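Data block below; observations after.
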Amino acid sequence: MKVKIFVLSIILLISQQTGNAFGAEAKKNDPGKKVYEERCQICHGAKGDGKGLVGVMKRSEKTGRMINVEARDFTLAVFRFRSTSTGCLPVNEDFISLINKGIPRSFMPSHKDQLSMEEKKALAEYIKTFSTRWKEEEPCKSIPVKKPRWVGSRSSVEKGKKIYKEMKCWECHGDDGKGKGPKSDTIKDDWGKPIVPFDFTTGATKMGDAPENVYTAYTTGLDGTGMPSYEDSLKEDERWHLVSYTLKLMGKVK
Amino acid sequence: MRNRFFLWILFLSGAVLFVFTLIAAYREIAPEWKRYQAQYKEQIIKLAKDDATKKKAKELVPAVQQIYLGTLNRIDRCMSCHMGVENPMMANAKLPLKQHSGDYLKNHPPDKFGCTVCHYGQGRATNKKEAHAATRDTHWDFPTIPLKYIQSSCTQCHDYEMLSAKGYDNIAKGAKLFMEKGCRGCHKLNGIGGALGKKLDVVGSQPIAYFPMRFVEGDRNTYNWHKQHFTDPRALVPESEMKINVKPEETDLLATYVLSLRAGEMPKDYRRIKGTQTVEKPDEGEALYRMFCIACHTTGKDSYFDEIFNRTIPAIMKPAFLKTADEKYIKKVVEDGRAGTQMTSWKATAGGLTGVEINNLIAYITKDRPSAKPERFDFAGFKTDLKRGEELYNIRCALCHGKKGQGGEGFLGLNLRNPVVQGADPEFLAITVRDGRSETSMPPFGKKGVGFTDRDIADVVSYVKTMSKKK
Amino acid sequence: MSNETHEKTGMSRRDFLGLASLGAAVISSLTVLAGTFRMFKANVRYEESTKFKIGKAEEFPAGTVKKLDDKGVFILSKDDGIYAISAICTHLGCIVNQVDWGFQCPCHGSRYNEHGKVIGGPAPRSLEWLEISEAVDGSLEVDTAKSVPVGTKLKLYA
Amino acid sequence: MNELKQSGIDVFKHNIKSLLGSFAGSFLRSGKPTSDKSRAAAMFNNFFLHVQGVKTHINTLRPTYTLGLGLISFFLLIITVISGVLLMVYYSPSIEHGYTSVKDINYVVFAGKLIRNVHKWAGEGMIIFVLLHMARVFYTSSYKQGREFNWVVGIVLLILTFGINLSGYMLPWDQLSYWALVIVANIIQSPKEITDSLGITKFFDVGVFSKELFLGGLTAGKESLTRVYLLHIMLLPIFLFIFLGVHFWRIRKDGGLTKPDVFEPKPIDAGLAALPEKRGGIFPTNKTYGLMELAHGRTPVVDRDVENTVLSWPNLLIAEAALFVLCLAGVIAYSFFIDAPLKELANPMIPENPAKAPWYFLGLQELLSYSAFMGGVGLPGLALLGLALIPYLDKEPYHVGIWFSNKQGKRIALESLVVSTIVIIGLLAFVINFGWFRNWWPNVPQMLITLINPGNIWVGFMIVWSLYVIKRTGSTRMGAIALFTMFLISFLIYTYVGTELRGPNWDFFWSKSQWPIH
């Protein structure tokens, strides 16, 4: 396997240096590879290691805090935004929804209209070639999401607030949800980069800010970051209460 | 029965009227300040050392004490309660009878200056609540100013040097911070400054309703607003674009300074200004950079995406940029600004900088210019294909610059539609595309980077130059 | 008039209620009226204070005569003390001028000697001597509302 | 000689002793009122009292009939005039000193704050009581039988009351005054909406012309304050008193207050001084209206006083005195507890949000938010015209002097109350939830909104419903009751909504505590 990837990357390197911008002369007639080279490689790198030409992007938050945004490294096959349980590989739908939506606040653009469905699927397959994990493991099943009607109600917000306190969410995200908890300065992610806990008051999560997205984040956890999965430690209702409280911090409910 | 009914009404309402008239009369003849004056009299009689003083104190008749200041257009009745303000015998008394602290009154006798000219508050009022006007229901725009900001009143008559020499340097420190934190990059003062923020000429004497008080903690007055606004502008004005970079202890100094920016001038015979009093612009490049540019461009060495402005702020002092951008280009940007972005036009008729100052500023910005010139790009030598340029742009450039070249709004790249880029030398643009800007997010698209041929680059640049016409 | 009508009408019976209610109405109306009249007397004046500072004692060496036009006061300093004489003519309120032999009013020819004593013309009284005192900060203070007996001078220790 | 001299001194002494009595006698012209004749004379010989009849009908003295509303309005006017004169002592009408002089009235004038409160509340009380008085007159059919014109005079007085109150609102020159002035100036300008739609603005701009006439310029400033002051203390009061004189004189000439055709004194009326008694005789009633009954003693024919009337002195005068002192006590007690508002100094740069007219115009302001012209000029004009026309369109001569005419009248009033409440609240709820034409089709011509808006729809509904009532009952009086009830209810509801439920940006709020704080 490793040899194969090595050979592949060599080929890629060569093609990058000799081919033109279109990548139309790519050796293999793989549409996923073509799309990747055209659109993804500049940030994610030819080897999928997140070391593209654009490099580290600096972003100054509204509070004045400077954060570094880095392109995802595909070689570990650890993905934050999934619909599957923590530790699992994402399903194809996850890739496609991410390609469609992009990631707000981290310069990952939406490709919803730029690519056809086949191209998106091919791209997902191509990304899977960067890690051996895809050969060794099977993706888990998506966790179904069904929003109860009471999400966002006052009593639910109150319960969520309690859970926020009990589950020590505040250690990273802060009492006021502004991402300035006592631990927020020290935590690091799987790639060894410092983590910036999310500031809920900015209102826009990277995963999407519908209640369903927030619920998914709490259920699956954001693998690779310090954000754990609460699938086992909280009941479904409790996670929804937490979502209610999050919506309040985001200013979406009163 | 009928007449008795009316007689009863007459009797009862007469009684009610009588009672209320009496209570109202009592309220009129026994106001709050009379109580303090009685206390004052009592204390003076107790403290008097000689008979003459005692006799004088016994002769005190309660009356509204007022200072009529014709030239200042004020009437101050504060001393109706603060009776002992000039009396050394009351040095250890409790408020409101206590003597004024320090020796300020020696050179500022109340009968010439009054009280509200320094302390604010409602001079005409004759009860504590309305005179101090701390709460909004008194409907007075200038409540008594907290002592930590009181130096903002001194500058009505005194210059910063004199105040600093006497140890009252909050105001001068505040002015210095104001100069060095780039406030005027967005705010005009004396006609000079950017256009993004509000003019600050009379901000210190604006009424409370001028400021959005909704999220202010504590008393909703101008003083707290300024302090909290310097701490976190967006906590008070959620849509604010203000960038602030001050330490917590510096907020008071800045608040003192802005509170000193007041409308109206003191009459001539009150003013003692010899030295500087307003923040005038120095003309060295570095000072100019600090005053006008630093708030957004920071050190000028980093390009970063700013969530407040919602666009990337370029690193204007990076050698990689200076290597390609010549003085003429930079001057054009400084003078005309970048329409469609937050970059203000700084020419004399807009931002208010003179030609000399702009030259000094550019000299400072370009001081790290590397000596090596970039490799030339023979743009004129290509016959460009707009259609191909568009295809290339849409796949490779639109990711960061947006499909219409608009930049901003979550896009990492700069706005390409504005007149500066559109009017720039195509060779300059081509070199930028080819070499990128090292250490920023603009990668080299030439052969060593993404793999564009020179022809690709020429096509893309020629397409970019047509973008302002696209809707 | 006739007794018959007396019996017939309610008011002429002058029962207690009638009297009481009439009294209540009259008394309360009078109180209101009294308050109304009191209202016309202003509690404050919209003019400069009658008491004002004229400067330190050193500024008035013996022999000084200073006319404060805007206040209508002469400040005179002699060896035995300093004193203030009102410049308001006691006849009809004109401002008097200082002349060799004292003060002369330009309006109707009243004349006063150097101590302000009336010596001719229609003026009924002598010019007022005004209270002059030392304020807390050491400067001299004149109060035009307070007159003092003629000859009262403030002794200066300087 | 000596005797004569002696007696001369005695006479003089006697004259001095009786000085008070003889002065009072000369004052009343006919001596002390001790007999019916002299009591009568006291009334008709007195400059102030003779506007009232010598005799007063018992029905007039019944508190449950008049509720004293007209008199209360008049007494409030007297109180307002007196307190207003007092305020003029210290107020100075200029934009430099106006505001500070009001502040000083509050702070250092003896009882200044109380007097200002009294002036304010008595003035605004007038609006309430004039409206209530109008309702009383309406519901007792008192606009009939020769009183038609006086009803019209009353409407003029209502307009003048509104005008004087409004002009007074501007004088303190605080934020409330200034922005109310701006709003009113724009109401005055609102005919421009029509002329614009018709395209004749460039020939004759009646809106801007009248606005300039009112403000003395195009924006509110120094000149405007002078003009408003003039209106408040001179022009409007002069007209008010002229019309008031006519109003009172016509009451007298039109035969006093209305009374039911069939009237029986009740036992409770027995307390009146000199209640007429029926002491037998041939004729059941006595209709002599000559001077005879003023003569001393019994009437020769039937030995009975003129039908169901009593002497005004003292019966009416006691009632009036009681009402006056009641008004004064009420106003002073109210003013003691509640202060007249005074906000920050007027600032043309910073609008109040919401910029509201005084409360009595907020009903109009609600209509104004639909269409400036219809709300400001069209509908109020129509309403006043409609009110003025009521006595000429409803001439049914029965049931005069009876509250709500009869059982059917009561039912119609109640029915109209319910129907109008439902319809208005429905209309309001619709507008608040769904907006109007402009929200659906942004390019809709203004003319269409001017012609079709919730205000017009409501007025149209009032007219249609009244016609329906007339058709159903066959009585114009019933139609009038329906119309007037709906007018009152809509004034009430619109005023309440404008005052309490409209917040910043004229948005809907359930209570003021929900307003976003600025």
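When the chains are written out, they are named A, B, C and D in that same order, and each has its own residue count from 1.
We take it that a residue touches a chain if its C-beta (ideal position, glycine included) is under 8 Å from a C-beta of that chain, and two chains touch if they have at least 3 such contacts.
Keep in mind that what you see is a predicted model, and the values were worked out from it rather than measured.
Peer 1: Can you name the chains that touch chain B as well as chain D?
Peer 2: Touches both chain B and chain D: C.
Peer 1: With centres defined by CA atoms only, which chain is the most remote from chain A?
Peer 2: C
Peer 1: Determine the chain that sits nearest the middle of the structure, using the mean of its CA atoms as its centre.
Peer 2: B
Peer 1: Name the chain pair with more contacting C-beta pairs, choosing from C-D and A-B.
Peer 2: A-B
Peer 1: How many angstrom between the C-alpha centroids of chain C and chain A?
Peer 2: 88
Peer 1: Which integer distance in Å separates the CA centroid of chain C from that of chain D?
Peer 2: 48
Peer 1: Could you tell me the distance, in whole angstrom, between the mean C-alpha positions of chain A and chain B?
Peer 2: Chain centres of chain A and chain B, defined by C-alpha means, are spaced 40 Å apart.
Peer 1: Averaged over CA atoms, how far is the centre of chain A from the centre of chain D? Could you give it in whole Å?
Peer 2: About 72 Å separates the centre of chain A from that of chain D.
Peer 1: Multi-chain contacts in chain A: which residues touch at least two other chains?
Peer 2: none
Peer 1: Could you check chain B for residues that touch two or more other chains and list them?
Peer 2: 3-4, 7, 10, 14, 17, 21, 24-25, 28, 64, 75, 77
Peer 1: Where in chain D do residues touch two or more other chains at once?
Peer 2: Each of 104, 108, 110-111, 271-273, 314, 321-322, 325, 328-329, 332 in chain D touches at least two other chains.
Peer 1: What is the shape of the graph in which nodes denote protein chains and edges denote touching chain pairs (line, ring, star, complete, other)?
Peer 2: Here the contact pattern is something else, fitting no line, ring, star or complete shape.
Peer 1: Considering the complex alone, what residue numbers of chain C touch chain D?
Peer 2: On the chain C side, the touching residues are 1-2, 5-6, 8-12, 21, 24-25, 28-29, 32, 35-36, 38-44.
Peer 1: Provide the residue numbers of chain D that touch chain B in the complex, in ascending order.
Peer 2: 61-63, 100, 103-104, 107-108, 110-111, 114, 174-175, 267-273, 314-315, 318-319, 321-323, 325-326, 328-330, 332-333, 336, 342-345, 347, 349-350, 352, 516-518
Peer 1: Under the stated contact criterion, what part of chain B meets chain C in this complex?
Peer 2: Residues 3-4, 7-8, 10-12, 14-15, 17-18, 21-22, 24-25, 28, 64, 66-68, 70, 75, 77, 86-88, 105-106, 109, 111 of chain B touch chain C in their complex.
Peer 1: Using the touch rule from the top, collect the residues of chain A that touch chain B in their complex.
Peer 2: Interface residues on chain A, with respect to chain B: 16-17, 19-21, 38-39, 42, 52-55, 57-64, 66, 104-105, 107, 109, 202.
Peer 1: What part of chain C is in contact with chain B in the complex they form?
Peer 2: So the residues of chain C touching chain B come out as 10, 17-18, 20-29, 31-32, 35, 43-49, 51-53, 136-137.
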